[in-house]
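The next part holds the structures, each set out as C-alpha cells.
Common to both upcoming complexes is chain A, partnered first by chain B, then by chain C.
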Partner chain A sequence: MNSLRRWETLLFVLLLAVVSLNATESRYYLGVGNFINLFQLSIEKSIVALMMAFVIIGAEIDLSVASVMGLAACVMAYTFQQGAPLPLAILLALAAGVLAGLNNAFWIAYVGLPSLAVTLAGLIGYRGLARILVEDRAIGGFPLWFNALGQQGLIGPLTLSIMIFVILFVFFAVLLHASAFGRLVYVVGSNVEAARYSGVRVARVKTALFAGSACVSALAGVLYAARLGSVRGDMAEGFELDVITTVLLGGVSIFGGKGNMVGVGLSLLLILNLRNGMGLADITGNTQNYVIGGLLILSVLVPNIYQDIQNKWKGRER
Partner chain B sequence: MARVNWLRRHVRPEQLRELSLLALIVVAVMFFGSMIEGYYSFRTFNRIASSVAIIGVVAVGQTLVVLTRNIDLSVGSIAGFTAFFVGTLIANHNGVNPLLAVAISIAIGGALGVVNGVLVAWGRVPAVVVTLGTLAIYRGVLVDLSGAKTVTTDSLPQWLVDLPRLNIAPVGDLDVRPLFVVAVVIVILFQFGMGYLSFARRFYAIGSNPEAAQLIGLPLKRVVFIAFVVSGALAGLAGFMTLARFGNITVEAGRGLELNVVAAVVVGGVNIFGGSGRVTGAMLGAIMIGTLEQSLFRLGVSEFWRDALLGLLILLAVASDAVILKRLNRIWARTELKRIDSLAERAP
Partner chain C sequence: MSKLLMGVAAAALLTLLPQVATADDGMATPGKDVSMVLLPKFLGILPFDQAHKGAEEAAQELKNPAKLQFLGPTPQNSVAGQIEIVTNATTQGVKAILLSNNSGDQIVPAAKAAQAKGIKVVTWDSPIPSSEGEDVFVAQVDFGDIGKVMADMTLNLTGPEGGEFAILSASPDAANQNAWIAAMKVALKDAKYAKLKLDDIVYGNDESEKSYTQAQALLDKYPKIKVIMAPTSVGIVAAAKALQDEKLCDKVKISGLGLPSEMLAYTKNGCAPEFALWSFVDLGYLAYTTAYQLATGTLEAKEGAKFKAGRMGEFTITKDPTRAKGLRVLMGPFTIYNKDNVEAAAK
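And then the complex of A and B:
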C-alpha cells in the first residue's frame, strides 16, 4: 500500500513539474480555451482508458478497443447512409460494440482462451468488419446537431464528451472502490483460483469486464465520429497503445489486482499535459507518439528497478 | 484397435494439427481455383510465394519468442526501420557489397531485438508492454530520422532491382525466386535446429514450465533474450527482403506486419501459452495467410474481407488448440501410460 501511495505522489509531482514547465514555456498554456482543448483532443482515449483500468486490474487485457471504436463508428455511418435515422444508427453502433464485447468475453471467460490472443483476433477482425462496411470511402454529412454535439460546448465551454468523461470517471471510481463488483474485479485480478474457490462467478465478472470495455469503446467511437464529422475505416487505429499506456502509467499492474482510479486520473492528466506542452513547443505528433511509447515501458521498468534496489538494501541490513 | 494404437504411437497431435492446416490450405486453393479464372498459374504461385517469404521468415523468429511464453509485436517496425535505412544506405552508396547489405540488415534488426530482449529478460517488463512500446518507438524514430524522404527504385543498383525476379533454378515454367528460397532455407534450418539441438530444446522447456526450467538450472533470462534477438534479426532480414521486393520504401514499410506474423504463428499451431509448436507449422500458417491475402482481392469480393477472415481464423486456431488439442493430448498420454503399464505387468 505504501509503495502505491508513493507512485501516485510521484505522478502528482511529475504532473506539477510538467504543468509549471508548460506554463513558463508558453503563454497560451494557462487559458481555459487551451485546457478544454487539451481534454477535447483525446477525450475518446481518456474515456476508453477508464474501462481499460478495470480490465487490467482484472488481470486481462483488451487490445481490441480501438477496432471496436472504429467498428461502432462505421456501423453508425453505414446504417445512417442506408437511410436509418441517426439516433437509431447510434443505438445500432452501441449494440455492435456490446456484441463485439460479448464475443470477446465468450472465448475468454467460457472457453478459457488467453485474452491477449482473443483480443488480438478482435483487433484484426473488428477492424476488418469496419472496413467491409465503409471500404475506403469517408462517410460524412451527418445532421448538424450531431456534429455540434461533438465539437461545441454544451454547458459553457464544456462539450458533451467532456461531461460524459467526468460522469463516467465518478461512476467508475465509485464502482471500483465502493461496490461489490469492484472488489470482485480485484479478487479475480489478484488470484483467479482463489476467487473461483471462494465462490466468485469468475466467468461472469470477466464477461462484465469485456462487455463493458467494448460498450465504452463503442460510445467513444461514436463521440469520435461526432467530433471529426466524418467516418473512415481506419479511424482510431493504434489508439490501444495510448490507452494501455495511460492505464499502466497510472500504477495499474499489468499482472492484475493492483491499481486505482486516482492513479489513472493523474496519469491521464500527466499524458494530456505532456502532449499539449510538446504540441505548444512545436514537437510533432510522431515524436509525441514515441515519447508515450517510452513512458509505457518506463512505467513498468522503473517500479521493477526500484524493487530491485529495495531488495538489495534489505539484503544488506541482514 | 491395434491400428489405432499404432497411429497414436507414430503421429503426434501436433502433427495432426499441421496436417489439418495443410488440408485447409488445399481446400482454400481449390476454392479459389474454381472461382478465379486462370488461378492455377505460376504467376499466382510467385505472387503468393513472395508474400509468404517475408511473413514466413519473421514468423520463424516469432515462433521462438512465443515458445518462451512471450510475444514480439515490434517486428513490423523493425522490418520497416531496416528496410528504410539499408535502402537509404544502398541508394547513397551503390557499390555496397550485396552480402554486406544483408549482414547490415540482420545486424540492425538484431540490435533492435537486443533492446527488446534486455527489457523483457532483465527489466522484467512483460513482453506485450515492451514490444507495444518499441513498436511505437522504432517507427517514430524512423519517421523523425527519415526527414520525410523515400527510397525509390531508380536510386537502387541493378542487382537489387533484379533480385526478386531472378530465376535461380528454372523447372519448366516454374520460377524459383531467391526470396522464397531464402525463406525455405531458414525454415528448414530452424526446423532441424529446434528439433535436434539441445540448446534449442530449452525454448520448449522454458515455455512449458518456467519454474521447473529454472529449478533444473536453465538460464531462463538468457534464453528469452536470445529469442528476442533472433526475432529481431530475422525481422531485419525480412526488412531487406521487403526492400528487394518493392524497391520503393516509405516510412510506412512493414506497418501491420506484426499482425500477419502473429496470426501465422498462432494459426500454425504454436501455442500462445508457450512450450509447444513447430517452425514448419508457422510456415504453413504463413502460407495460409499469404494465400488468403493474394487471392481474396482477385475474387472480386471486397479485399477488406481479408482482415475479418484473418481475425476469425486466429480465433478458431487458438480455440482448437485449447479445446481439441488438449483433449487429444490427454488421450494420447493415457494410451501411452496403459502401454507402459501392460509392458510392466508382463515383465517378471
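And then the complex of A and C:
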C-alpha cells in the first residue's frame, strides 16, 4: 500500500511538472476552451479506460474495446441508414455492445479460455463485422441534435461526453473501493483459486467485467460518432493500446489485484496534458508516441528498480 | 511588367506607403505575418515532403515572417491525428490550415470550429467530401481527366485486345482516390474501352505492407488479370514490387499514379512501363499562395475570383464539378512517364 501511494505521488509530481511546463511554454494552454479540447479529443478513450481498470485489476485483459466501439458506431449508423429512428439505433448499438461483451465472457468465464486470446479474436471479429456493415463507405447525415450533443457544450462549455466521464469516474471509484463487487474484483484478481475456494462466484464476476467493458465501449463508440458526425468501418482502430497504456501507467498491475481509480485518473490527466502540451508546441505523430511509450516503460521500470534498491539496502543491513 | 520588378517594388514600397492593396485584386501583398499549418494525410512519404518543399518556396517568395508548421499524424492514427492537429491549430489561432484530408467528413466539426475562429481552411490533394468547413480546394488535376488517363494507360498496357484489370487504391475513404476511380468508371463506359473488364477494387490504406499483400491477393484471385491500376504513390510501388517478387512482370503490368524517383527501377525493368503524376512541389506552392492570399484578404473564396500565384501564373476559383458543393482551384497538367522520360524526372 505504501509503494502504491508513492506511485500516485510520483504521477502527481509529474502532472504538476507537465502542467507548469505547458503553462510557461504555451500561452494558449491556460484557457477554458483548450481544457475542454484537451478532454474532448480523447474523451472516448478516457471513458473506456475507467472500465479497463476493473478488467485489469481482475487479472484479465480486454483487447476488443476499440473494435466494440467501432461495431457499436457502425450498428448505429447502419440501422439509422436503414430507416430506424436514431434513439432506436443507439439502443441497438448498445445492445450490440452488450452481446459482444457476453460473447467474450462466455468463452473466458465459462469455457475457461484466456482473455488475451478471446478478446484478440474479438478485436478482429467485431472489427470485421463493423466493416461488413458499412463496407467502404462513410455514413453521416445524423440529426443535428445528435451532432450537437457530441460537439457542443451542454452545460456551459461542458459536453455530454465530459459529464458522462465525470459521472462514471465517481461511480466506478465508489464501485471499486466501497462496494462488495469491488472487493470481489480485487480478490479474483489477486488469487483466483483462493477466491474460488472461499466461495466467490468467479464466473459471474468475470461476466460482469466483460459485459461492463463492452457496454461502456459501445457507449463510447456512440459518443465518438456524435463527436465526428460521421461513421466509418475503421473508427477507433488501435485505441485499445492507448487505453491499456493509460491504465498501466496509472499503477494498475498487469498481473491483477493491484491499482486504484485515483492512479488511473492521474494517469489520464498526465497523458492528456502531455499530449496537449506537445500538440501546442507543434510536436505531433511519432514523437508524441515515443514520449508516451517512454513514459510507459518508466512506469514499469521505476517501481521495479525501487524494489531492487530497497532489497539490496535490506541485504546490506543484515 | 516583369514579376521580379513587381516583387522588388512591392517589397520596397511596403514599409514606405500606407496600405494600397485593395481586397480582391488578386495580387499578393508580401511580408504579412501569416501563421499557417501544412497538414498532410500523414508524415513520412515523399509526395507530401515535396508539397512541403513547394510551400516553403512560396513562403520565401512571399516573405512571410511566420514559420510554416509542417505537422502530420502517423498513418495508423490518421483520422484522430488530423482532428487533433486541426483543433490545436485552432487553439493557437493560426491564420490558415492547409489540409490534405484523409478523414472524410469526420474532419468537418473540427474544420468548422477553425473557420468559426476566422481561420482559412484550404484543402489540397484531397478535399472534404461535403465541402463543409472548407474555403477552397486546390485540385492537382481535373478529376475527370484522371479517370480518362487511367483508362487510357490501362488500354495501352493490355493492347487493343483488352482484358481484365483491377484497382489497388489507398484508404476506402480517401476522397481523391474515390473520385478518380468514379471518374475512371465513367470513362470506361466509352465504346473505346469496351474490352476492358474491371475485376475488383481493393484498398492498401497507403501502407506499403498492406498494399503489397493486397496486390498479391489480386494476382492469386484473378489469374487472367493483365493490369493493376494503383492511383496512389504508395500502392503503385508496393504492387510493382509484388509483381517483381512473383516474377510476373512479363504477364501483368502495373500502372497508376507514382513518383518517378520511386518508380524508376520498375519502369526500366518493364513491370510498370507507364504511369502518370503531377508535380507535388507545384501543388504545395499553389496551395500556400492561395491560403496566404485568402488570409491576407487579397483574395476572396468565391466563384470567379482571379488571383496570381507567383511563378505559376493566374488562376480562377470555380465551382468544383466533382462534388455537389464546394469551390476549386485547378492546377494541372498531367505528365505521363515511361522509359523515355522517367530517368530525367527521377533526378
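Just so it is clear, the second predicted complex is superposed on the first by the 317 of 318 C-alpha atoms of A that agree within 3 Å, B and C clash if a C-alpha of one lies under 4 Å from a C-alpha of the other, contacts with A are read in each partner's own complex, and residues count from 1 in each chain.
Convention: a residue touches a chain if its C-beta (ideal position, glycine included) is under 8 Å from a C-beta of that chain, and two chains touch if they have at least 3 such contacts.
Predicted model, so just to flag it, every value in this text is computed and none were measured.
Superposition note: with chain A as the common reference, chain B and chain C are in steric clash. Chain A is touched at more residues by one of its partners, and among chain B and chain C that partner is B. By the touch criterion defined above, A:203 reaches neither chain B nor chain C. In the overlay built on the shared chain, the residue A:138 is in contact with chain C alone; chain B does not reach it.
By the document's definition of touching, both partners, chain B and chain C, reach A:289. Contact with chain C, but none with chain B, is seen for A:34 once the two complexes are overlaid on the shared chain. When the shared chain is aligned, chain C comes close enough to touch A:280, but chain B does not.
Using the contact criterion defined above for the overlaid structures, shared-chain residue A:95 touches neither chain B nor chain C, since it reaches no partner. When the two structures are aligned on the shared chain, A:147 is found in touch with chain C, with no touch to chain B. In the superposition on chain A, A:124 makes contact with chain B only, while chain C stays out of contact range.
Contacts of A:233 after superposition: both chain B and chain C are touched.
Of all the stretches 150-158, 258-266 or 276-284 given for chain C, the clashing one with respect to chain B is 258-266.
Within chain A, the residues touched by chain B in the first complex and by chain C in the second are 135, 233, 284, 286, 289. Against chain B, the residues of chain A that register as touching in their complex are 61, 107, 111-114, 116-118, 120-129, 131-132, 135, 233, 241, 244-245, 248, 254-255, 284, 286-287, 289-290, 292-294, 296-297, 300-301, 304-305. On the chain A side of its complex with chain C, the touching residues are 28, 31, 33-34, 37, 41, 135-138, 140, 147, 150-151, 227-230, 232-235, 237-238, 275-276, 279-280, 282, 284-286, 289. Every residue of chain B that touches chain A in the complex is listed here, in rising order: 71, 119, 123-126, 128-130, 132-137, 139-141, 143-144, 259, 262-263, 266, 272-273, 302, 304-312, 314-315, 318-319, 322-323.
The residues of chain C lying in touch with chain A in their complex are 42-43, 69, 71-74, 76-77, 79-81, 83-85, 87-88, 91-93, 104-106, 108-109, 129-130, 171-173, 203.
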